[in-house]
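Pasting the structures in now, so scroll down.
What follows is a pair of complexes built around subunit A, which joins subunit B in one and subunit C in the other.
Entry: the complex of A and B
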């Protein structure tokens, strides 16, 4: 009896430890083995490699832009889900619900502000991330496809922000979407149809609201999540973040004896390619680096080096979004009124470059130029097949590409600035001061 | 990195603490707690004490579904004592609301009268409703604007401000330029049917006080109004909200469908009392009673009232004949194409009365000397120093001549200048002053102008110019087409593609290029003058000597003149008239 009692007491005593251990299979790691195991056996951590190249951890190389973008997405998902509890996608109720959020709902203003500013921030940050990848030449082989995925992620981010713009159903939302979707109407042949598909009607109304809502809370977030997963997967499979060539000298020598080459003549092509690589299971992992043996070890354990950096980026993002959300209220204008367009009606800021171009030529500004721009972006890694200057900011070897990209970037920024600050009633030029 | 992470985490936590504090210790809770405490002290029975002890702060709201679209008013969350008569002297937000018979707070809510943003529970958000909220709380003195939303307006005696504003809307001629559905049909200014729904009262007030505050090129006259009148007018405008609770949807639809009538009933413009008073009066008497009430003096000057936009009416009757005045009433642009004056929506009989009154007036005494004559008659347009910058110059098109421009004044013949003073310039605001001054005084006035302002001394018109007296090219469609081609090649940069004087270069030119579609003016000048102006240019203006600069021969100039005549539908007959008669009657 006594032992049973003791045993039961011991069980109770050990209960917290046991529960803890059942959740976290490894104790807080204190050895390299422990660090590897912790990283490897946790669902959320195992997205990362056990060891990370020291170069990838340099703050001034990545600026943490990718992690910040993801952090913003996480903030947006969290605040967005909370907002969904109060929002009703109906033209009668939507605006009143905004007023309730601003007035009576607990933390409503803060949630709305955070969501609004984080959304603008994500558009900006994803774009900056794209610029970083371009300026360091990180899209080059073997990372071409990840760049393509990134471009699609940018487009999805724009889509998410644009669809969310309509939901408050105020004058700003209504007319920005009216302007934005009429830009889609300038597409040749199918322009009107695309617009109709987007709006479910000839004008922005209840149908458009429900469509934008579904796109905003279901379709686009899911698509972004999937593509983000692929994006991360590809980072690892493409050999980690880009870094300058020759960083890990001395050059790895193929260990395959020349003498053996002849015996492989009759084998399948896959086996032949293995000739310059290595034996063993790792041979099927493609990549420019020999994963086994003679690689000089410039890597550090991801726990804690990488994780703390990521956590820092996340915490900083949360802090900034919080501060901005506390300082500035998200705009909310009068309820949407289809009979009284404000003058000028402006699209969201990231489309003001388009609107500015549309004011010169509807087709070229609204459809032609943006399509060419996106196609160019998608084609970048397939056009630039060079290898010199990869993994370095503003490499002199890539002067042509850098100049072209910077020019387009500045043109777009200038157009956005003109559209935002220098356009008044009837889209006439005005001075903002 | 670890330290930075720790710092950031602590700051994030601190921010959360602030956010939670703001959320759980809101201002409105303090107000309610304060109210409960005070009521606790007043309560006299133990039962009342007990009932009060159980009360906890909570959000209060009134949902109004009976009037227009649904309203949710949470004002009573802070203003928890509005129904409690013991708090009449308390400070806001705990003061008792004065009782208004028949208006229960539970049925009507608050924002239906006061405006504001009823869903908010925080003072600034509720009272002002954020930057872009079009309906912040009405100031107490302006609340009548909302009373009439339910109570109608025409026959309800408790909204004197709205009535006064309505009278001012007509008396100050607002109705001639602005449309308010079912009330007025002006087309010069923006429509005001829903101005109360779209604009804040502060905006409306500011616009009345200074029309150019938000639009520096506004031609809306600035009225001399007392602060009380400004308030009345803004309250009246604020009450114009398009749809109205008191009006059935069908009524609203019908009033929106209403066609523009030719004229408005007099009772609507001057009010029923005055309309019945003037009935049966002699035309001149009627005109005298009505002239200050229908809005003329919002722009024009008469005796001691001056709208500072239009000419002085005191001399009008003496300068213009009856037909001119009547035509001008019906459509001012038919006699002065650049006129700013709106066509008046009054019956012709009213125009007769007004004209009769003006013509029955005695001529104001005129000083004998030219200098005071100039100050009294000319300075209003031409400026005190003759620079063409008089009080009302900005509203006049074509603009008054700058009399100090020696190069212009010196090169025109004395006969032409004297004709302008004596007979006026048709199609412009220059009136025939000879009818007031007589020929001799006109000549003396001209000498005074030439001597004092123009510093021209003796006029020295250029001599030796070769000008055909009649058009060498007969009027024909081909000639007009050739003239148009030349015009679109050489002239449109200043005169505009429509020849209305508004070409792309026009803004930089002073005096402005002539509006060649000003039919009364074009019909009044001789062929020779048009030909001379084109061939040799107009000295003292930007008009170049096109005959030489552009190598246009007399025939090409003839084509151009034919084109100008065709624009004014003067055609062959017109050109004959213009060639034969220097002052044709239209």
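Entry: the complex of A and C
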């Protein structure tokens, strides 16, 4: 055969190429076929469809909040695994290990700072992402269940942050968890039982530390990873990101703003074969936006358009976290002292709205209102069955829902601000200035 | 459709077909196994012994607690009280959000969120929803006063010594 004729020298010469091609089946794509193949033949890229609707790529529609949330999770996983190499979940050692990280471990401070600030950032960004999805009506059919998964992801994010809060074993950690788990103790009937299961004891101690550690480094991250995978996969199965209905109808298409005609001109060309387009199995995906032959093609190839946008979000997130981590150190207080609570003792900031409510009514503030709020969030896509105004920010067709959501949002924010800045010793009202 | 292709199927005149019986049994078995697994996990996560401060501890002979004693034990989170009525143990864990209360001249103050209690642990003000619990006090065989923080007793339960 020919290769045998080429001899051993030629085999050696071709070795790098052959190895490269055995890993990456496709060369960097220069044709539409190549762009498709690159996307769907790669395990990680094929979470996305081969083609993405141009509307989904508008930065001001999504603000990239979902991808930034995931980027923060990736940063947290990477820095968290590195921190695990030096951390010991024991009440005798945990705080000393924090001092070691701050003092002797190379890049220890930086890793700890990145992990801390990315954790706060992820709580905030996941919540902002939820707001974006609500304000654009993106939870509506057929995306109801992906919203439900998203709500669970928010709860898991809060859980991850809360369990991580205890690990430094300083005064802040100890009393925030004491206060936070006491709020759980207000649940009716099973409150004390839940708290006992969570802490493994009646007070925060070694048992609580190891439980929170296992939840923080294994249980919750795995649960988040699985749900994130489903979350992304369902975006695809639900017909891509939401967008205004009628966007693709032929009579509307000419009016479709300059986005396709002008702004996206530099992007890879969309297939111009709406009428003759053939669909594979992906053509019969459920949903109103993916009907064979009914939709003119306003899509662009995911490679490179979508992937570059996502890479940009990721790079920007890493950059911001790095800058913040270089500028501000994660606080570390004195070692936990179970006999001397600081005055005032505060839960983590995202629970301070709850703590503020608890100071008025223990049960309603700590259990009743949050439970109702979560149930309401879960029920939103099943209560709102409308279709008008989907895919548009602050659509006036959804004025009732927008007002209700905004009211709850502002109340929660005001309570958090009061709890964070306006509560001093003995939980008395103080001014922060 | 399958019944027409399977000559054996129409013969099945039993009340419940074999396939259905197997299906129902399997589903019930799986549900049962899931329930047992869930319950076992609950038992697993509920520790039978705790490794923190023991709930029973001795605080010395009654003679070492003169009349008028109010002895806060910070590790055990209990204040041992001796009055003319006898000896009692009052919890130092605030019923609001679990902080340690400080002993004051008139009773207890919570430094975290401003709950105030009188000398018997009754709520005077602040967000605390319940009075501070009292714990069972007994005299051990060695003659020492023993407190059991796992046994709450009604407010005002003194042990005569």
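Please note the rule applied: the second predicted complex is superposed on the first by the 389 of 433 C-alpha atoms of A that agree within 3 Å, B and C clash if a C-alpha of one lies under 4 Å from a C-alpha of the other, contacts with A are read in each partner's own complex, and residues count from 1 in each chain.
Definition applied: a residue touches a chain if its C-beta (ideal position, glycine included) is under 8 Å from a C-beta of that chain, and two chains touch if they have at least 3 such contacts.
Fair warning: this is a prediction, and the values are worked out from it, not measured in the lab.
Asker: Touch check for A:359: first (subunit B), second (subunit C), both, or neither?
Answerer: After superposition on chain A, A:359 lies in contact with subunit C alone.
Asker: State whether A:340 touches subunit B only (first), subunit C only (second), both chains, or neither.
Answerer: It touches subunit B and subunit C both.
Asker: Output check: A:400 vs subunit B and subunit C. Expected answer is one of first, second, both, neither. What do you get?
Answerer: neither
Asker: Per the contact definition in the header, classify A:323: touching subunit B only (first), subunit C only (second), both, or neither.
Answerer: In the superposed model, A:323 contacts subunit B only, not subunit C.
Asker: Report for A:427: first if it touches subunit B alone, second if subunit C alone, otherwise both or neither.
Answerer: A:427: touches subunit C, not subunit B.
Asker: Could you list which residues of subunit A make contact with subunit B in one structure and with subunit C in the other?
Answerer: 340
Asker: Under the stated contact criterion, what part of subunit A meets subunit B in this complex?
Answerer: 96, 99-100, 102-104, 106-107, 110, 170-172, 308-309, 311-312, 315-316, 318-319, 322-323, 326, 329, 331-334, 340
Asker: Could you please specify the touching residues of subunit C with respect to subunit A in the complex?
Answerer: Checking each residue of subunit C against subunit A gives 42, 45-47, 50-53, 55, 74-75, 77, 93, 96-100, 109-114, 126-127, 129.
Asker: Which stretch or stretches of subunit A touch subunit C in the complex?
Answerer: Residues 175, 178-179, 181-183, 185, 196-197, 200-203, 205-207, 338-345, 355, 358-360, 362, 425-428 of subunit A touch subunit C in their complex.
Asker: Which residues of subunit B touch subunit A in the complex?
Answerer: So the residues of subunit B touching subunit A come out as 1-2, 4-5, 8-9, 11-12, 15, 18-19, 23, 59, 70, 72, 74, 117, 119-122, 125-126, 130-134, 194, 198.
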